[in-house]
Amino acid sequence: MNEEVAMAIETPALIAPPSEAHVRQAEDVPAASVTLRLRNVNAYYGPRRVIRDVNLDIVQNAITAIIGPSGSGKSTLLRCMDRMHEVVPHARATGLIEYRGIDLYDRRIDPAAVRRSIGMVFQQPNPFPTMSIFDNVAAPARFNGLVHGRGAAADLVERCLRQAALWEEVKDKLRQSGTSLSGGQQQRLCIARALALAPDVLLMDEPCSALDPVATLQIEQLMVDLRADYTIVIVTHNMQQASRVSDRTAFLTMGEDGAGYLVEEGPTGRIFTQPREQLTEDYISGRFG
Amino acid sequence: MAAEYPALLKPTSRGRRLKADLVVLLAVVATVVALIPLASVFLYIVGQGAGLLRPEFFLEDPPGDLSAAGGGIRNAIAGTLEMTALATLMAVPLGILIAIFDTEVGGRAATGTRFLIDVLAALPSIVVGIFVYSLVVVAQGHFSGFAGSVALAVIMLPLIVVSTEEMLRLIPKPITEGARALGLRRWRTYLSVFIPTALSGIFTGLLLAVSRAVGETAPLLFTALGNNFFTAELSEPMQGMPLLIYRNALNSAYPAARDRAMGAALVLILIVLAFNLLGRWLVARRKPGRGSGR
Amino acid sequence: MAIRIDSAGASGSESNPLGRRRPLNGDVIFKLVAGAAAALTVTLIGLMLLDSVKAAWPAFERFGPDFVTGSRWSPSFTIYGALPFIYGTLLTSAIALLLAVPIALLVALLVTEFLPPRIAQPVAVAVDLLAAVPSVVWGLWGLLVLVPFMRPIERGIAAGPGQFISFLGPPTPGPSYLVAAVIVALMIVPIVAAVSREVFAATPRLQREAVLALGGTRWDVIRRVVLPIGRTGVMAAVLLGLGRAIGETIAVTMVIGNAPRIGPSIFSPGFTLASVIANEFNEATEPLHAEALVGLGVVLLAMAVIVNGAGVAVRRRFERSAERGR
């Protein structure tokens, strides 16, 4: 276990008696700054429930990390937020996911519209293999009607690549294929591509797990820089990353019924130093997961 | 709570939405267009042929003169059964052995054999008829049910080889490793372990091969030739269901011939469908989730 | 029809560590028997091919390349030229592909992209059943239902645009290249659709989700990911369908009108290589006639082998690239 985190736990935590699977409302979050509000969210693959009754607030312009052991439903929960969960056959989600007051699962809402405001970066970098670096960034914006004309497209591409800290490395080879880059560069390209749609929220599903440590640090720095303009939710199995990067942390684990549930969430500092649940402390100190 | 389409989300432009909907519509229309003839064939054959299916239809032979009414298709049913059975006896052992050869020996020889089997599978059935004609009918000096069986066996062989090979390939590693660890001789392993495991797959392959062979006309045209009378002698020209339908259809100006063709077509299509659907159902049961688009 | 994804090489033989001559045990006999079966099959096929070419040889010898390019086929004058049948085969196959491929691709897309799995399965099976109907039954239906159905359509087109474009003009007796092409199209839709289905289903999920996560519609996914990635596979599907179309015999011979010449329009009666053999073989009393027909069979065989060989080769290439992309 990471020594820094171990040292940070000075006192045996003020651990409340083992509580039910429901999480308390985060008292320290003013309602106005909540971008995504999750209430009683359940997710299923066919008849099998994989996420049980999650209540969670995602705070604006902050980085929220979702941590937990494998199989706890972290990625599934993330995918519910931009309606990507239902893309898999037989998958569905129930409950309320409210984005700035809009019920994202309302029948009248087009999932594609949701995904233009809530962007996603995947674990495995997936630039379009048949497109150049330039087109990878510009094309999705163009198809969505967000940019017209060569000049505007070039401006957008430069802006997004700068935001993704990739501009300097690729500005001279924008015409090359998207897959000619290294893993870390490809992931930053995917981030730039997502940013090109000017989303409000950026969901990142274990974005660094396929990358080397140097690239990982670059992406982490990028996240911190982006925080000022975007709301970021990141799923990670790397606790140190969560403690380094995030402002708030949510801890999910698998219950006895096989479904993941939210054990605890709150400001990152508190979660890692004074977790309220025994399970949280066990996970953080490496006793399981 | 959202009531109107919120401006916060970026809705899909009408043009794009229309295009997406249009494609779905086109796909549905195309599928309907493809399925209408299927329904039409069924309804027509059933409608026209159902009335003829009296017991005599199955128990009597057709009249010597096609244009005469009455009689049945007994010789054709018997002929098809006999020729298909003999074809199965020829194709199945040979097909399984070839599949074993491909799996066991491997290498260039197997690649060549597989290629040849693929070529055989793609042969137009009329070419198969010519091939067997040149080899068997010419050598024997006359048409025969035996030659017809050989032709059907050639048609069935690739299907048996492919399905057997697939089944052998799918035998789980623990079983192959376990047999090897027990020091069993290869042939013993095949006889006692592999073939029984693959048996259900081989059987379904056989069902599909039979459903194909039963409906083939062209290979029989110059081999079995056809016969207006009943015979169980494989050394004589023999009638088959598809042949009977073909010859009567060509004379469909005569109502009797037309009716006979309809009744026989109904029987044939029911047999083919029964084998085909049974084979599919067994495949689906074996491997859940296979066989669909997803 | 399954895509064969070659697993790592087969087990191979039990090698003798001592390197001495292998004893004649059950294993060796077993392999010999299996090998003999394969050899027997190869030999038989080879013999059949040889005998057929031998049988057709007099015709090839007599007419030379004119056999293929000659446009006159007249048994009573012992003149045999294969061109009308090659033309018929190519024309009906081309029209059949034109009709069948768009429909088959749309069906495949419907099943893999649009329908929920529970409905997709039966629809896919239903389309596959088109291939289960025996050729002779299609021919029977074609003769008695399709030809009368199409006659007014043919007449209408011949009277309209057909006045200016002789290719679409009269005569319109009923049985014709076009009707044959329609029936062949019905018979190859299931093949093209089945292979295309497997091709589309093999699209990597990661690429699909990339488009969706960027606000793409289902059509975007199809247009930007499924079709481009599946291009090679679809080509294989089309080639396999073409191979089948070339060889279709019985249904064609029942609706094509059986005229051994190159008809001026698509509504003319005609012949294909396969259908003329079926039609004339049993009545060919003159030995050269029979030999010429076998020669046609050899020509047909060559065409089928080339097209199907190309189809299989392209399909293997697609399977290999699909494996790599996973």
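In this document, chain identifiers A, B and C correspond to the written order of the chains, with residue numbering beginning at 1 in each.
FYI, a contact is a pair of C-beta atoms (placed from the backbone, for glycine too) under 8 Å apart; a residue touches a chain by one contact, two chains touch by 3 or more.
Since we're looking at a predicted model, the values are computed, not measured.
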Starting at chain A, how many touching-chain steps does it take at least to reach chain B? 1
Longest centre-to-centre distance from chain B, chain (CA-based): A
Can you pull out the chain pair that has more C-beta pairs in contact than any other? B-C
Averaging C-alpha coordinates per chain, one finds the centres of chain A and chain C separated by a number of Å equal to 50
Averaging over Cα atoms per chain, report the distance between chain B and chain C in Å. 16
Give me the residues of chain A that touch two or more other chains. 89, 112-113, 116, 143-144, 197
Multi-chain touching residues of chain C, meaning two or more other chains, are 117, 215, 217, 220
Can you list the chain B residues in contact with two or more other chains? 10, 12, 16-17, 294
Complex contact set, residues of chain B against chain C: 10, 12, 16-17, 19-20, 23-24, 26-31, 33-35, 37-38, 40-41, 44-45, 93-94, 97-98, 100-106, 109-110, 112-113, 116, 118-120, 122-127, 130-132, 134-135, 138, 157, 166, 169, 176, 185-188, 190, 211, 214-218, 221-222, 225, 242, 245-246, 249-250, 252, 258, 261-262, 265, 268-269, 272-273, 276, 280, 291-294
Chain C contacts chain B in the complex at 2, 4, 7, 9-14, 25-27, 29-31, 33-35, 37-38, 40-42, 44-45, 47-49, 51-52, 54-55, 102-104, 106-112, 114-115, 117, 120-121, 123-127, 129-130, 132-141, 143-145, 186, 189, 193, 197, 200-201, 215, 217-220, 222, 240, 243-244, 246-250, 254, 274, 277-278, 281-282, 294, 297, 300-301, 304-305, 308-309, 311-312
Which positions of chain A touch chain B when the two form their complex? 89, 99-103, 106, 108-110, 112-114, 116-117, 143-146, 197, 200
Can you check the complex and tell me which residues of chain A touch chain C? 82, 84, 87, 89-90, 112-113, 115-116, 119-120, 122, 124, 126, 128-130, 140, 143-144, 190, 193-194, 197
Quick check: in the complex, which residue numbers of chain C touch chain A? 116-117, 206-210, 212-217, 220, 224, 228
